[in-house]
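One structure is given below, encoded as structure tokens.
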Amino acid sequence: MNAPMKNDDLLLRVRDLRMGFAAGRGGQVLTAVDGVSFDLRAGETLALLGESGCGKSATALSLLRLLPPAGRVLGGEVDFAGSDLLRLSEAEMRSVRGGGMAMIFQEPATSLNPVLTVGRQIGEVLERHRGLSGTAVAARALELLQAVGLSDAERRLGEYPFQLSGGMKQRVMIAMALAGEPRLLIADEPTTALDVTIQAQILDLLRGLQDERRMGMLLITHDLGVVARMAQRVGVMYAGEIVEEAPREIFFTAPRHPYTHKLFAALPDVAARGRALETIPGQVPPLSAMPAGCRFADRCPHVEVRCRERSPGWTDLGGGHRVRCHRFAEIAPAHRGDPGVAVMPPAMPTPSLLTVDALKVHFPIRRGLLRQTVGHVKAVDGVSLELGRGRTLALVGESGCGKTTAGKAILRLIEPTGGSVHLDGRELTGLPRAALRPLRRQMQMVFQDPFASLNPRLTVGDILAEGMQALAIGDAGPERAAAIARLLGQVGLPVDAAGRYPHEFSGGQRQRIAIARVLAVQPDLIVCDEPTSALDVSVQAQILNLLKSLQESLGLAFLFITHNFAVVDYLAHDVAVMYLGRIVERGRVDEVLRAPRHPYTQALLSAVPSPGLDDRPVIRLAGETPSPAKPPSGCHFHPRCPRASELCRTSYPDERSFSVSHRVNCHHA
Amino acid sequence: MSIQPVLLWSDALIWLLVLGVVAFGWASSRTPPLRAAWRRVGRNRPGMAAATVLLVFVLIGLLDSLHYRPPLANRTPDQPAAYSIEVLSALDALAAPLRTRMEKTYSAPLATRAYAKESIEVRDAGGAVHAVRDFPRLAFGGAHLGEDEAQRDADVLGRVLAAEVVALALILVVSGVGAVLLARRQAIPWPQAVRRLWRGDTDIAWNAVLFSLGALALTAAPLLALCVDYHVFGTDKVGQDVFYQVLKSVRTALVIGLVTTLVTLPIAVALGILAGYWRGWVDDLIQYLYTTLSSIPGVLLIAAAVLMMQVVIDTHPQWFATAAERADLRLLALCLILGMTSWTGLCRLLRGETLKLRELEYIQAAQAFGVADLRILARHILPNLMHLVIIALVMDFSGLVLSEAVLSYVGIGVDPTTISFGTMINNARMELAREPMVWWSLAAAFSFMFALVLAANVLADAVRDAFDPRAAVA
Amino acid sequence: MFAYLVRRLLYAIPILIGVNLITFALFFIVNTPDDMARMQLGVKRVTAEAIEKWKAERGYDKPLFVNAQASGVGVVTETIFFTKSARLFVGDFGRAEDGRDIAREIRTRMGPSLAIALPTFVLGLFVTVCLALMLAFFRATPLDFWGVVLCVAMMSISGLFYIIGGQYLISKLWRLVPISGFSAGLDAWKFLILPVLIGVVSGIGSSTRWYRTIFLEEIGKDYVRTARAKGLSELAVLFRHVLRNALIPILTGVVVVIPLLFMGSLLTESFFGIPGLGSYTIDAIQAQDFAVVRAMVFIGSVLYIVGLILTDLSYSWVDPRIRFES
């Protein structure tokens, strides 16, 4: 806001915005956004970056005055198109919403009305804000759908949201937002619910539309990669305040706030391989107990007395860069190390612990009068893997590729349809349940959602004891209590946690409990199903560090199911990439990630937005993953593949070896 | 003189229920999620006011569930003890004046004379006896006034005022004691404690409790003061005191409302969980069972079952020692039949919830340890369904109380000799056509039933809000 | 969709057989025909001949399942199960205690039942949905609060009170309409208006509250926020977006009872002297006329199953997800 600017360019001017949530009966309001100020010019993208609960979505909703029932705007000014939005009447505000200012939400799946057609939902905006009616509505809606790149737009007009895929729904959301020809677009985590290849498509689309229409865009996100790809300016939010604001280049080269430093340092990637990730100790202070001084003080490594006493003011560093920190000058600007190639530990030939051969999980599709089976959803269709003791194999793929099903089928949590699984040389498939039980001691699973994986009615101690009881490990009584205390220590939780209940813990702590639960039976193999995808970056770093140190000290083998390549790069030794129930490429991590051979792997890797200034070209994949119920003929990937040939359409490629470990299923690799 | 205690089947179930509630309360106090939910109920002001009212109803019902047979009088000590065929309860003993003072027929509330004219023999001044058609004097209603019937209004007013003064004093004393206790517990001066109590600034909404206790005292005190010498709600066709009938109806309503859910709860829970957890043919079978049962319209199934039960009871008179036992068995049978038609809803609900729960990751984590299925059901599924069971229990109560009245009206309810809201209404409605109307039985039954059902509904809302996880998030 | 419908219809068969077996068990196995005869004729001092005569007159003198004395198909058909239970499937309901044909009686009494039940249903649905929409529109205001309080109070009042109170107030005190009775043809309106009104009022409490909950649940969903973000007015959001979605759960509870409207209402018809199926049932219950009760149980289940199928059909009408799925 200090940069020279033409006034007519200024689109949105927010000053000292404060909002809160009513809590309890006493009319008490907990402040969630406390004095946020920023400017936004036409054609510019401002990213509000922050972890969950920092108030970034609440800020966006306050601008449109679309707060949930408990939300209250407490003060401030929001100047947009010459009027203060906070002082408009509700009727005047309605002509701003969807007209001057439109919004895209995070969850395309729930944000569209399920019982109205796409055309109707877009038409509504056209009628309301453009005054169109009759055939003009349909014609304009069609234009909009074409503008957002929805294939077969004419047919889509008459379709319902459930008939569209996630990416298509988000395109419809964007078309709806554009229908009122807004000057400002607020995008609240627009790609968080989408796969990376679709995310790349949607981000491109948003950027193209913005350039075309000179819209201002307020982008709410937690993803540094998205920021790097989209934003011109960045505001970092922490605990309801903006703590640093900078143009993109400065933000990525010389951030000044300790919190921003930490955010970068917590990101896993290959540069961090072999050493522990930086973590931010502690947690975001709760709304009910905000510190009086700097809100980051409790977690800041540079904290001193004055930080706790008074809240730092803004310091302008020039060039549109400003920061709220008492000590920024004394803290050296963080250097983002070049993502150089890390030294890989030599691939040690280790005895194989887990061997999976041609594993299949098919779910029948029943239709018709007698519910006869008319086909199969081939969720996992011939997956072969090998995992040695003490090593990590990452199973990577987009949602719906069957990676979680494969993980559960290996543990026999889902019955496999075919193939074989050997653990330590013993065949698991077809084993009766009783015979399987002793083997369960050797293999365990850590689940994705730490809020669903712990029974809310049991104490942490009971949860940890469950496995030991079921597998008859140790005696009940003092021995087991000691074991529980040791486990809690191992995962970095206080001993008194045993008597408490899961709801008293944060997401990261719960994931620690879940890890302690599997450690209780001293397994050799742990299947980790996206254990950090529900967590914030700083907490993710803690869990990754924990997993890594556990692997070193206990010699655990991890089958790490994930969609996040940064995590793979940091943690894994070997990688297998899955697409539509099959593995298309596997090998050592440096082989697959540095020299990918399969066009799908290449596209996936290039689609991941990197949290830096390097503008790599993105390989754009057309379309979306087809349904595993009806996989395409030949190579499953051919309809989206830039290199597809006639051969790909007719025959599934055999596995080809490029090194001892690197294997690819592609005709053109 | 000793008495012979009698344990009717429904008494046994009621006391079992009390035991169950105590045990459940103890278990809840040790389980933080449940304790937190009950705390939320405790903070809910309408809920606590309703709970207080319900507690009074429950106390009346419990008093009425201690049954005995009084010894027969006029026996010499050497004879073996013999007991009356009549089964009484502790409530009957307390309300003996109400029970025993039978008039001949209808009389209006607080009346001193009967409702219908009769030929009375009057001895005139000359000593001649001749018949006059007049409203006869009641045997007990206002008998203490003697000839001075004109005094009635003043007497009534005096008693009401005195009773209200006593009630007010009582409330003040109770509130004062409460404030002192609060002051001691929180170590604050008592004026501050009074203020906190008044504003409801306490863990449990004591102000609502005190308020509804006060309202109850102000209502009950005049009734009690008057019922000793008058029929406060009048008398019915056979001259029985309506106030007594209303008190007796409370137990019937409670039995119907609580025992019904209780006896069918195990079935609904077991089948619902089994169907949801094992799926496959078990699920198909259980679904078939409850779809079939619920496809028969409730009233008709109840009618058919009750008719058949009547035949069984009537053709086997030798099974029952006393009329009370027979009526009691019929009451229980009605509970069972009502339960048979109402478990399907809960079963369906629990099945759906179990289907969702079994996909949750903590269940899969348990399966990954090879924990036995039954143990998973007991440790992971059942405790996470408890809130639904509790909500169903309290939500069903009011509906069942209301349906008892309707069923008794249709003739498929409780035994005609059992006093219940339904039988009271059923007996009274015949007299609606009379001029002037006999309205008091109906009015008394409807207002007591309304108070009971309203309290139950309000408490049910509070419980649902406190236990429903979705509501807890909001 | 067609295959789905056929499957539902096929599923109805085992359910009806189940209902049939349950009623058969209730009426003939829990008690023997002898017990019923004794009950009907008065428990005491009944001669064996009188019982035999009673049974013979009603066809209860046959064996339950297998008639060893008969020949050919008669082994199966000359039994109580076949004549009394299996024949229900072809609409043969037998005769009532008074000797009248039950099927004919049902046909003539259906009209008056519908005349009350249908307007009550339609009007009730309309009124309660409107009230619930109003409460949802004014949510979190005093109007909403007191509306809910009123609903809870109204649902705590016994249905009997609504009828007795309504009759007393409107017919007896104000003498606006006759207290009870029925006439065929257009004159019927003055007999219908009171029971319909009472039926609607007595349902307001619970239905309004239930629909309000459904509306509020829908209002909390993401797509409603999207609709608001488009700049639509609160009324447009409510009618265009929320109502359509809320219809889905509302239909579950509503459509299933439509066929049961034929059965009439026991209470209303008996209080108002309407010669419909409800009062027929009540009379049969009070006269312990087992044949009629049995017939009504069977018809009730058939209608309920029809209701379930109608519910499925109506889903596919309001919910495109089901319409396009199969």
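Note that the chains are named A, B and C in the order they appear, and that numbering of residues resets to 1 at the start of each chain.
The rule we apply is simple: contacts are C-beta pairs under 8 Å (C-beta built on N, C-alpha and C of every residue); 3 or more make two chains touch, one makes a residue touch a chain.
The structure presented is a predicted model; accordingly, all values stated were derived computationally and were not measured.
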Item to complete: Average the CA atoms of each chain to get its centre, and name the chain whose centre is farthest from that of chain A.
Response: B
Worksheet item: Taking contacts as defined above, which has more of them, A-B or B-C?
Response: B-C
Worksheet item: Can you give the whole-Å distance between the Cα centres of chain A and chain C?
Response: 52
Worksheet item: Any idea how many Å lie between the Cα centroids of chain A and chain B?
Response: 55
Discussion item. Can you work out the whole-Å distance between the CA centroids of chain B and chain C?
Written reply: 28
Worksheet item: At which residue positions does chain A touch at least two other chains?
Response: none
Discussion item. Could you list, by residue number, the parts of chain A that touch chain C in their complex?
Written reply: 64, 66, 69, 91, 94-99, 102-103, 105, 107, 110-117, 124-125, 128-129, 160, 162-163, 173, 176, 180, 367-371
Worksheet item: Where on chain B does chain C make contact in their complex?
Response: 288, 291-297, 299-301, 303-305, 307-308, 310-312, 314-315, 317, 398, 402, 405-406, 409-412, 421, 425, 429, 432, 437, 442, 446, 449-450, 453-454, 456-458, 461, 474
Fill in: Residue ranges of chain C in contact with chain B within the complex
14-15, 18-19, 22-23, 26-27, 30-31, 35-36, 38-39, 43, 152-153, 155-161, 164, 168, 220, 260, 263, 266-267, 270, 281-282, 285-286, 288, 290, 293-294, 296-297, 300-301, 304-305, 308
Item to complete: Give every residue of chain C touching chain A within the complex, in rising order.
Response: 3, 6-7, 10, 140, 221-223, 225-233, 240-241, 244-245, 248, 318-321, 324, 326
Worksheet item: In the complex formed with chain A, which residues of chain B make contact?
Response: 31-33, 360-362, 364-372, 375, 379-380, 383-384
